[in-house]
Every structure is written in C-alpha cells, then in structure tokens.
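Let me begin by presenting the structure, written as structure tokens, before commenting on it.
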Amino acid sequence: MFDTRTQETLLDVNNIEVIYNHVILVLKGVSLTVPKGGITALLGGNGAGKTTTLKAISNLLASERGEVTKGSITYQGDDITALDPAALVRRGVIQVMEGRHCFEHLTVEENLLTGAYTRRDGSAAIKRDLEMVYDYFPRLRERRKSQAGYTSGGEQQMTAMGRALMSRPQMILLDEPSMGLAPQLVEQIFQIVKAVNEGEGVTFLLAEQNTNVALRYAHQGYILENGRVVMEGPAAQLRENPDVKEFYLGMSDEGRKSFREVRSYRRRKRWLA
Amino acid sequence: MIYREAGDFKTSYRDDSQTFPIRLDRWGYYAILAVAFGIIPFVINDYWANAVLVPFLIYAIAALGLNVLTGYAGQVSLGTGGFMAVGAYAVYKLMTAFPDVSIVIHILLAGGITAGVGVLFGLPSLRIKGFYLAVATLAAQFFLVWLFNKVPWFYNYSASGQITAPTRTVFDQAVTGPAATAPAKYLICLVFAFVLAWVARNLTRGSLGRKWMAIRDMDIAAEIIGVNPLRAKLSAFAVSSFFIGIAGALLFAVYLGAAEVGEAFGINKSFLVLFMIIIGGLGSIFGSFAGAAFLVLLPVLLKNFLVGNMGWPTDLAAHIELMIVGALIVTFLIVEPHGLARLWRLAKDKLRLWPFPH
Amino acid sequence: MNAMTQDGYVTADGRQIGPVVMELRNITLRFGGVTAIKDISFDIRQGEIRAIIGPNGAGKSSMLNIISGFYNPQEGQVIFKGQPRPAMKPYQVARLGIARTFQNIALFDGMSVLDNIMTGRLNKMKAGFLSQALWWGAAEREENENRAVVERIIDFLEIQNIRKTPVGRLPYGLKKRVELARALAAEPNLLLLDEPMAGMNVEEKEDMSRFILSVNDEFGTTICLIEHDMGVVMDLSDRVVVMDYGKKIGDGTPAEVRSNQAVIDAYLGVAHD
Amino acid sequence: DLIVPNMSYRTGPYAANGIPYADGFADYFTLLNERDGGIGGQRIQVPECETAYNTEKGVECYESLRTQNPLVLNPLSTGITYQLIPRITQDGIPLYTPGYGRTSAKDGSVFEWVFNAPANYWDGASVAVKHILDQEGGDLSGKKIALVYHNSAYGKEPIRTLEELSEKHGFELSLLPVDAPGQEQKSQWLQIRRDRPDYVIMYAWGVMNQVAIQEAVNIRFPMDKFIGIWWSGSENDVRAAGAGAEGYKALTFHGVGRDYPLYEDLQTHVYDKGLAAGAGDQAGSVLYSRGAYAALVIAEAIAKAQELAGTPEITPAQMRDGFEALDITAERMAELGLPDFGAPIALSCQNHGGDGLARVQQWNAAEGTWSLITDFIEPDAEILDPLIKEDSAAYAAEAGLTARCN
Amino acid sequence: MDQLIFAAEVVLNGLMTGVMYALVALGFVLIFKASGVFNYAQGVLALFAALTLVGIQNGQVPFAHLINAAFGTQLHHFGWTVPAVLAVALTALVMVGLAFLIEKLVLQHLVGQEPIILFMATIGLAYFLEGLGDVMWGADIKTLDVGLPQGISDGIEAVTAQWFGYGFFIDRLDLWATLIAAILVAALVAFAQYTKQGRAMRAVADDHQAAMSVGISLRFIWVMVWSIAGFVALVAGIMWGTKSGVQFSLSLIALKALPVLMLGGFTSIPGAIVGGLIIGVGEKLFEFTIGPMVGGATENWFAYVLALIFLVFRPQGLFGERIIERV
C-alpha cells in the first residue's frame, strides 16, 4: 500500500493566502503537501476554497483578478509561484478545471488534441494516446466530430478529462471530476484515475465534493473549510473519523440516512464554525 | 474609518432600495447637487460652459442612453451618432416650424421621434447578437446621415445643408442661438441631465431594468424564465434612443448652434459615446457621467497643460495628447476593466476597511 | 404505491398525488444527424416528484428543454393540463407556470443575488412604464410587495447573508441555491430541476433535499428533476423515468426501477442499495 | 500687442492640408514682427489652437481664444465657420474666411462681422465654367460637365450655381457625390468613363483629392479637362498620382511658387533665424502661399484699421472697419513683395467678399510645379448676385437681423 | 445591351474593390479568431505600417519633429533611400516588434476579460498608435511607391473591346491585390485549420483560461497572431497607400472592412474574401442602378444594409462559426 510518509514530496504548498480583487481574502493560510505518485484529495464544502487552491497552484488566478499574497508553492523543490501556466504544463502539471471549460467551437477531437499542445514526441505517440482516451471514454469516440459546445454536460466533462490525459502529465490537478456524471461513470473516472496513477505513476491532487468516492480512492486527504485546512490525514483514517462521517459522508451511526428524513432533522451548528 | 456604513440600519424595503443607501453617499450626492444648481450657475463663464460643462452634460445624457442599451440591455450599438442626428434634425424642424412652442417641448418631442427611429433599427436585434448587431446599428448610422444630407427638406433647403439654431427662450432666458448666456445653456443641460439620470435610475432598478439585465447576462435563460426578448430589447432601444435623441437635440441647439450632419453626427460620435460608457463603466449611471467627464475633460486639460503650461507646439501636443489618452485608456482598463464606476466602488470598499486591510 | 387511477394515487408516505398535468407523447428530437430523443412518452402528475435519470448524453436535459419550450420536438406532442400545447416561445411557457433551473448554471452574472431572484417575479410585476420611470405609485408599491415575497424565499433557502453579492463570484453550490430561489420566486405549478445537486457535498445535498421536499409539501408544487445521485433520486422521487441514448428503458417507482435489469446495465453499473 | 490666432489643424484626416496653411499664416506674421517690428509698432501675436478640423474642438478653441481678445479669426473649415458666425456676431469679432465658409457672407449688410474676400465657392464654380467657356470658344450647349464633390456642406455649395449656369449656357450637369473620406471612388469614375463628360469639376478635400486624381489618371480622363476648386489644387493632391497627373488644372486666387521678392525677406528674417513654423519645409507650396496670403490680407486690414482709428492698439470693432475700408491695389501687392500675386481687393460695408477673381493653374508633373495658365477671371455676377441676396436674406429673416449699410 | 455591358464592368470592378476590402478585413478576422477580440486598431495598424514603410524607404529620421523641438536641431532625413523589398522586410520586423510590445504592455494584463473590454483596449491602442505614427513620421501626406503597377490594364481593355465592343476598365493594382489576397487567404486558411498553432489559436479565442490550463502560451499565440495581423495590415497599407498616398485617412478604410467582416463572419478567413466580394459587387451595382435615382453616395450605408440582410438569415455571417446557444 502507498505510504504517504515515506514518499518524497512533489508539491508543497506552504501557508498561502489568496486575495481576489485586492479586497476579498479567500485563502487564509493553506498548507499542503502532495507526495509523488499518490492521490491526494482536497475536500470541503461549497466555497471552502478548493478551486482557489488549485488555481493558485496552476497559476490561473491572475486572470480572475486574484493573487497569492503570502506563502510559497514549490514543485519538485522549485518555487513555481511566478511561472506562467504554460510553463507549468511543460513541467508536467496540468489542471482540469471546474465546470469543464471545453473549447466550444472546436470539435471533441480537436479539444483532445489541444491537450497535446506541449508535447514534442511526434504525432504517432499522440495518435496512440488519442486512441487510449477513446478507449477510456467510448462515448467520446461517437461524438468526436461534434462541436464540443453541443455535447451534453457529461460528455464535456469526459472531454476535459481526456484533454488533460493527452498531455502526458506527471501531475494532474482535478477539480470536481465527478460533477454531473452518471454513477457508473463516476466510478469509472476514479478507476481511470487509479489506473493512470498506478500504471504511469501520475500524481493526482483532486478537489471533490463526492467525499465518499474520493476517500475510497485517495491515499490521503485534506479538508478545507472557510479558506483553512481543518483536518488532514491518510484517507483511511479520515474515513473513520466520526466528524467526517457525519458531515461529509452523510452517515449516522445506523448507516446512511435517507434524504427524506432530513426534513425532521435539526441542523446542528457545524463543529468548526 | 472615515467612510462607514455601520449604524446605518434600514427598517423597510423601501429604505433599503433607495439610490444611496449609505448616509455618507447621500450627503455627498446632495452636496454635488447643491453645487451644481446653487453655485456653478453664478460663477460659470463662457469658456467653462461652452468648452467643458455643456458638452460634458450633453455627452453624459448620450452616454446614459447608450448605457441603457449596451450597459443594461447588452445590445452593442454603433448608431449613436445617427440617432443623435435624428434628435438634432427633429428639434430643428420643430423649432423652425412651430416657433411659438416651448423649446423644452421640442426637445422632448425630438427624443420621442428618435425613440421611434431607434425601435425601427432595433428590430433586427431579435436575430442578430453581439458584435454582429453592430452592423444593424451601423446601417442606421450611415443611412441616417446620408438621409439628412440628401433630403433638403430636413435642412429647410439651405444652400449648404447646414442647419443653424434660431434663438429660443425658456422663462425669457435665451437658451439657444447666439444670445444664450453661459448660465442659461448650462442650466438647461443640467436640468435635462439631472432629470434623465433620475429616470434612468428608476427604470433600471425596477422590473424593466431587470428584464434588460437578464437579457444582457444570458438571453436564453431570460427567455426561459419569462422575459419576452423582443419587447425587452425594443424597449431598451426606445428608451436609449429617447435619451440619445435629446442629447442630439441639445448638442445641436444649445452647444454647437449650427451643425452639418456628417461632421457633427458621424461615426466618430458613435464610437466616442461607446468609449465613454466602457471607460466609465457599463451598466452604471455614475459611470456614464464619469466616462463623459473623462473623454470630454481629459483632452481639454491635456491641451491646456501641454500647450498652455509647457508651451509645446500645438501639433506635437495634439499627437502626444492622443498617445496619452490611449495609454490612459489602456492603463485604466488594466487597473479596473469594469470602468471608472467600479474603480470608485473599489476605492470605497477599501475606504470602508481602512485602516485595516481585508 | 397504491393503485394508480385517472385521478392519481397515494404515495407510500401517504401524500395524495393528483391527475396528470403534463404529458409527453411520442416525443422525437433530432439535431442534424443526432437523434437525441427517440419516441419517448411519459407523464407528470400533480404534486408528485418525478425524476428523470440516465447516462450522460441520454437526452435528459433535452427533455426538460422541450417541456420549457426551448426545443421543439420534430415529432410528438406536449400535452399540458389535458390540452395539446401549441408550439410556444419559452417565455410563453414560463407564463403557464413552469419554472426551472439549469444544468450549467444560468444565473445573471452581472446582478446581485437579490436581483436575480427578483427576476423570477417579473411576470408578476405589471406597473406601467411611466410609473416605473417616475418610480411612483404602482412601480414602487409592487417592488416592495414582491421584495417581501422574495425575502421569504431568501429566508427559506437560508441565503440572507449573500443577498447583495453579485452572483458571479459565488461558489458553485450557492449559485445552485440561488437558481432554485429564482425558480421558486415565480411560484410555479411545475418546477423543473436539472441536476440541482451536482457539485455538492452530502451536507449540502441534505439541505437541498430538504428544500425540495418542503416546496413540494408546502406549496404542492409538482417537481420534475434530473439527478445523478442515486441516493437522492431514490429517496426523494415518487416515480422515475430512465432514459438511455434517447430511448426510455424504464418508468416506475424507485424500487421498480432499481431492480430493472436494463437500468442496472445501462446506468447504475452495480445494483444500488 | 495684437492677437491674431491661428486656428489650425495639424492632426486628423486633413492634417496634410492644414499644416502648410498654418505654417504660411504664422510665418508671414513672424516676418512682419522680425522685419518691421509688427504693424504700426504693435507686434502681432499668433497663438495657435489645434481644431483637428473638428467643430467641437473648434468651439473649445474659440472660447479659449476669445479670452485673449483676438482681432480676427480664420478657422479654415466651413463647418467651424458656420458654427462661429452666430457667436462672433454676438461677440463682435471679425471672421475672415478667404475662399471658404459661408458664401453669402459676402453680403456685408447682413453679415456684419464676416469677410470672405477675395473669392468664394460660387465664384469658383463660375470661374471654372468661364474657363471652360474660353476653352470651348464660348459655346457650351450640348456639352456635359460632371461635378465630383465631397458629400458635405462644402461640396454641395457649388450645386446651385452650376445649375443656374447650366441653364444659362445650355450644358448638361451631372452630380457625383463622394462620401467622406473618399478612399473609394470607383463607382463615380466608372460612371465618368461611361458617360464621357467633356469636363469634370471637382470640389474635394483631403484624401478625396488624391484618390480622385489617381482614378482620373487610371481611366485616362484627359487631365486638362479636369478642373479642381482651389482646395483641390495643392501639391499633395497631385503628387501621389505621379506622372499621370500632368496637365491637371485647379483654380487659385493667388500666385504659385517661391518666385516672389517676399520669399527673400522670409528667408532672411524667418527661415534663416530658425523661426519658421512647423517643420519649416512647406515654403512655396500652394497651401503655404494661401496661408501667407490670408495673413497678408489680415495684416493690411490691421494697418487700415490703425489708420482709421488713429491708434495702433485697435479693437475688433475697429478691425471690422479696417476690413470694410480695405483696398489692396496691385501696386500695394508689389510693394509687399508679391507682385501680381493676388487680384486687387477693395471691400466696403456692402461687399465683404471682393470681386471673386480667380485664375487657373496647371500641374507640371515632371518638374513638380504648378504654373498659372490664365489671368484673373471674373465670375458671373449676373448669376451670383441674386443667389447671394437670396441666401443672405433668408439668413437675415431666420436670425431676425435688419440690413445695415444704408 | 449597353447597360448590361456596363453592369458587367461594374460587377468586375466591384469584385476587385471587394478584394481590397477583404485585405483589411483579414487582419480583423485573424485577431478575432485568436482572441475573440474585435481589433479596432486594425486600420491604424495599416496606417502605421505604411508610414513606417515610407519612412524607412525615404530614410526619414523617426521622431524628427520631437527631437528638433526639444534640441533645436534640424534633422529630417538620413540622406539615404532603402530599396522597396528591404524596406518591406524591415517594416515587417517593426510590426513583429510592435506585436511583442502590445502583448507585453496590454494584452497580457487583460487575460480572461470580456470581449468588450479587450475591444476597448484596442481602442486605446488605436489612439496611441495614431499619435505615435504622427510623432514618429509626421502628419504630412506621403507618396508610397513599392513598384506596383497602377492604372488601366491595356490588355484587358483590348480583349474586352474586341469581344463586346466596349473595353473594360480594370486597374492593374487591383489585379495585384487579388493575386496577393488569394495567396494570403490560402496560406492563412491552411494555417488556422490544419496546424497545431492554428488549433491553439482557436482554442484561445474560446476560453483563455482553459487554453492556459492545457499549456497553450497565450503570450506566444498573441504575439504570433498580432505579428501576422501586422503583416496583413502592412499589405493592406501598401495597396491602399499606393492609391491614395499615406496619411491619416488610411486608417479609416477599417470602416469599409466592417460590413465585409460581419457578412463573412468574424471568424472566417474565406469569409473575409467572399464577404468582400459580395459587398464590393453589391454596393457598386446598387450605386450604378439605384444610386442615380436617389442622389448617389449610397455606398457607405448600402454595404451595411446588405450585410444586415444577410445576417437576418444567418446571424453568424456566411461562414462564421455557429453561435452556440444552449442551456
């Protein structure tokens, strides 16, 4: 089994603060380490700052008028806070953005090919990987000539994932990969994550709402609330934590609650608020 | 903590939805009004009226109008010059045909006529969107200018096609023609600008304004939640053209006094007013004024500084002035892409937090 | 489920379901070469919670788009309250009392949360142009009246603190909630929800479920929802339609659907608890 | 000091034309200041204000110049002129618009403050037709003349006159408007190629001039049958067309080239001292000469006004009197170093526009010079006077003015 | 019969004019395709390119006026002339440098902004470049001659005279323009559609952030595209400048390119050409047939009305990318 403690650190986020628009403080000192070759999950409620953390790492904040005002981010020991996103991709870090962000006017296949933009290993290799992606997502093969803007939500999500795989990265930042996917596809996506992780040694940092699945596949996890890390630890440990169970897995002592029963359930104040 | 809102509680929805919910803003606003109506008219001279304040107010009205259409309803228009021409020629025909009717009524009617023309050219907006819509409005721009240039009836068959505003009075004070005094010109423009800004504010905060903004932000979703896009767009065209028509009427009658359609209402005017609202802030009433001030005042100030104070040759000054204006536009956009209005609000946000950041 | 009659049925938890309000009869929808929906029929009854499920790209969202008048099917009929509904513009459909939320959030980004929700009430605001221009009489009165209604919804959905925030910068989950608020503001008879819980964690899904159930319960609003979270679907819905690549492969109570082999194969992957 | 502002345009679409004019205007006054110590001992200040040929900037310039008490204004733009006429009338500042502006301002009994000597647009049209008459041996019946014009107030000015003239002389007139800026004129020139008019008269400005001449060359229209108004007759306009422009004609109301004694003075007192305006490379060009000529007429009017007022420090009202008493004879022109440069100008209370004489110049492409090919030609007063009366009467009625000079 | 032959001549010339319009429109399309930006400065770019070309050719001292005013010197010319081909190459280099600066100083800071904001930025740029062009090279009119032939093509006139009894007028400059435009369009289409950079360029236009996230360097794409657009502007500047001399009005040809763009579709390179041809023929024919009845000078507005009519039927222009409308 993968042991997070013995692995060398690939990515180290050290106490970063992020401010949007010069006034809105969103991350209030977030630190995390991503071990090489592992799957790290970033969990937390809506607005906790997961997306912001990922964008801070991949340097996409500037275009949203956000900036990292404190702390440092190092990748393979080098400070990457000043790198532009393209340079980061060339170093092997790629992000799948929340909300799919496909290139609407390009066809599905062209979308996938843009993923290989930074590659220099020839068209044959790219072609091979394209086939690999189609094997992972047969639905995309059917829709390969459609404009991405006209594909369904799930198809776009697959396209975005496939596009990232096409760049043959060392590390993938996944922002809510399961959003809007049918159950068996969710499982499938995580299977793929696992396969790529184990087969090719790609490191994953994934932000997820679907805590259940995420913790099943991840090696370690961080829980973010209100711009702060409130819990961290190996995934197995987190899964057993009663607070996590209650608030993120929706389990009570008697197993899963029915959503129908929530009606009568009085909300307790969150333990962290 | 100079600027604060703490302790300023609202106890009714009415209070909460007033224009300046924060007390300090309200006072600032009253102070500006007091100066504009109570002090400036007594101290204004011809230079300030004719070269600065009158054009500023008139462009502010035009910018308000375009902002309704582009900033609030999201329909890009490059027909402003043409619509201003409609206002100008309408007021000219009315002034000369009915010399005994008050000029104020003529100006309002000119706005109404322009609104009609605006609706006509707004019809394609149902199908054509975004920058493509600019083509419809450009067609209006070029066609209207051509029309006013070509049909002698519009310029009362004068030899050159120039129209000249005769003298008309309001409360026995000449506001058009050569005898109009600086305070009179300033005041009539101010009154129009004030009333129209107030109307614009009312329209944009009510249900009509929400329809416009819904169409702007996502027209399909707006339609699905029940906004009739045709009516929303056309009403925006109508209101916008009404404002712009009035601006055109004032521009011709009060400010310039004489005009030739191609020169005074050409495509450049359309662009100028569009620049104003982008620089000032799309979808902002304050932004319309700020943008107009920026583009009317800045060149005058620069000119006076470079030529008057630095003694540069006029041509060099004019060229450098272009470069400075261009550079400033870009700089402002980089600092705050949403215009001066947003910059102002951000400054207030910071002030509110001051002296503690975040 | 008790026996289904012309006039309705009584659910397991004892709610009385009324007659059919919306019937889709033999709907076929094509986009160029792609057939998104093939000859599908189903109905929605007064007061029930009806779910549509199916794999990605099955045509679920397209179905909602047909109901809300955004797409016009090539074949088939939409029967509303017993009458065949003629081809209508979406805004006319909205006026029949059908409101909805969108899969890819379709909020008005430039407006505040409050204004967004107020747009839901546009069809209830009738003040004349002059009154609005002068902000006098009817305009001001109805603004305040409707504001009061909206404030109740804001309270109900617990979004008081973000009332004046521009929606553009809200986190995903809150946006979904605002969308729901906007739809509710229209006081619809039929509420269409397209993946209302995508991108939420369990706690938030619980909240959302609670809202949906209360709306259904307190206002008797009929609800048609698309959702990928089987837990939610099974717990909340009275009847479920299952679509697969444009075809209907199942229709019935959650329990029936869950044990339907075709559904398991096409969608669930594994039998869900 | 006396203030004679230079309302110029050195930027914008017409900069290429505005620059030489402004240079000539400024250099002439610099010469007077340097050589004679000004006029009547008063130095002339020439504050410059950039209008960019834009009416709104024109208003700004006017207002800012007005605070300096100018004696006379010369905006070199018909649009700005129309703008200023009511204002200067109110404020009592003379406006001098040689060869442009409002034609009927010639009628001093209505336009008290406006002067447009020595010639105006209608004079130009008439002179052009007279020249054509000369070419055709006095008979134009059955001939075709096309007017290619800038589709603006300025370009439309000659239409009335030409229509009257076509009736009188029996030629057929066709009108070909070109929209500003006039980069594209293919339709118009194809039509000319088809209809084969015997002559083309052109009222253009800015880039429209260059393109028109180029297109005329392209369709091989005989250049000596192509006559531009004086605003279509600068070196700029013909140079772009190269050798093909050989023989192109244009009207002018003053001489051409540097071959006048005045230039010797300019050389010693202005250029050599490094006092030339602008880049100093425009001397002798058509528009430079025109600017200098405008300055000369103003200077003469100042001198006349000083003489009448008995004081060198004159007011704008006295300046108007100076204009109305202006009498620049041929001898005086020679004295000023510009023999035979302009026709004599004698103004009165009634007549603010002089006699409207103009001559024809022709382009020599090889040498790159203009040469004068006719003497001064008189316009057809029989046609023009009633038109002017009519237009000025209409203005008087509209503005509620009563005629003066009685 | 005569009328028909005349009309044919008008159509032919309309086509030629259309090509000239398309040359300007191409620059717009490129930048729109690569960034979703409507580049208001394209016209000024053409002016600037032409000014620079003439300046280099004639050995003008840049900023002479400014230097003279500041130091009281009398600089005007270096006293040499540069051969046309070399001057064109040098100007192209200047345009690449300019593209680099524009990216560095403007675009880079506006990543991810709405199109209208970027549009406004190009307006600022237009102001700036207009001023810069004037300060650098002076506002006087300049003659541009890179050796392109001009004037009626005798061959075509003779041939058509033989066929129809009426010699058609075709300007040789227009023939050259057509040739050059054809080459440009073919090259650009191949580039945008079939190369990796072309695909990246279209991706950038769709979504700045997503493009960055897959490792496309916006900086590189933008510098590249603005360089190409600068080069296209240079070509347009040469063609139009040869006709009318180089002066401020050159920047106004952008207005003639607008209806062409809209009709062809903002994103389509072939659309620019086809749109140009339709507009060229349409406006000339209208002026020829209807113009005389309504007093002429109809071309400006008719071009827009024509584009409008097409757009009512195809809101994305003839070849523009479909406007994706989905919820």
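Note that the chains take the letters A, B, C, D and E in the order they are written out, and that residue 1 is the start of every chain.
Rule of thumb we're sticking to: contacts are C-beta pairs under 8 Å (C-beta built on N, C-alpha and C of every residue); 3 or more make two chains touch, one makes a residue touch a chain.
Remember, it's a predicted structure, so these values are computed and weren't measured experimentally.
The chains that touch both chain A and chain B are C, E. Minimum number of contact steps separating chain C from chain D: 2.
The set of chains touching chain C and also touching chain E is given as A, B. Distance between Cα centroids is largest for the pairing of chain A with D. The chain with its Cα centre farthest from the Cα centre of chain E is C. If you average the CA atoms of chain B and of chain C, the two centres end up 42 Å from each other.
Centroid to centroid, with C-alpha atoms defining each point, chain A and chain C lie 29 Å apart.
The distance from the centre of chain D to the centre of chain E, each centre being the mean of the chain's C-alpha atoms, comes to 35 Å. One finds 44 Å separating the Cα centroids of chain A and chain E.
With touch defined as above, residues shared between interfaces to two or more other chains in chain B number as follows: 146, 149, 220-221, 224, 313, 315, 319, 322.
Among the residues of chain C, those touching two or more other chains are numbered 70, 102-104, 106. Counting partner chains per residue, chain E shows two or more touched chains at residues 65, 134, 139, 295, 297, 300, 326-327. You'll find the chains touch as A-B, A-C, A-E, B-C, B-D, B-E, C-E, D-E.
Contact residues on chain E toward chain C in their complex (touch as defined above): 326-327. Residues of chain C that touch chain E in their complex: 65, 70, 102-104, 106.
By the touch criterion stated above, chain A contacts chain C in their complex at residues 20, 24, 43-48, 51, 98-99, 139, 143, 146, 150-155, 157-158, 176, 179-188, 209-212, 247-250, 256-260, 262-263, 265, 267. Note for the complex: chain B touches chain C at residues 12-14, 17, 199, 202-203, 205-208, 210-211, 213-214, 216-218, 220-229, 235, 283. Chain contact summary for the complex, chain A toward chain B: residues 19, 21-23, 25.
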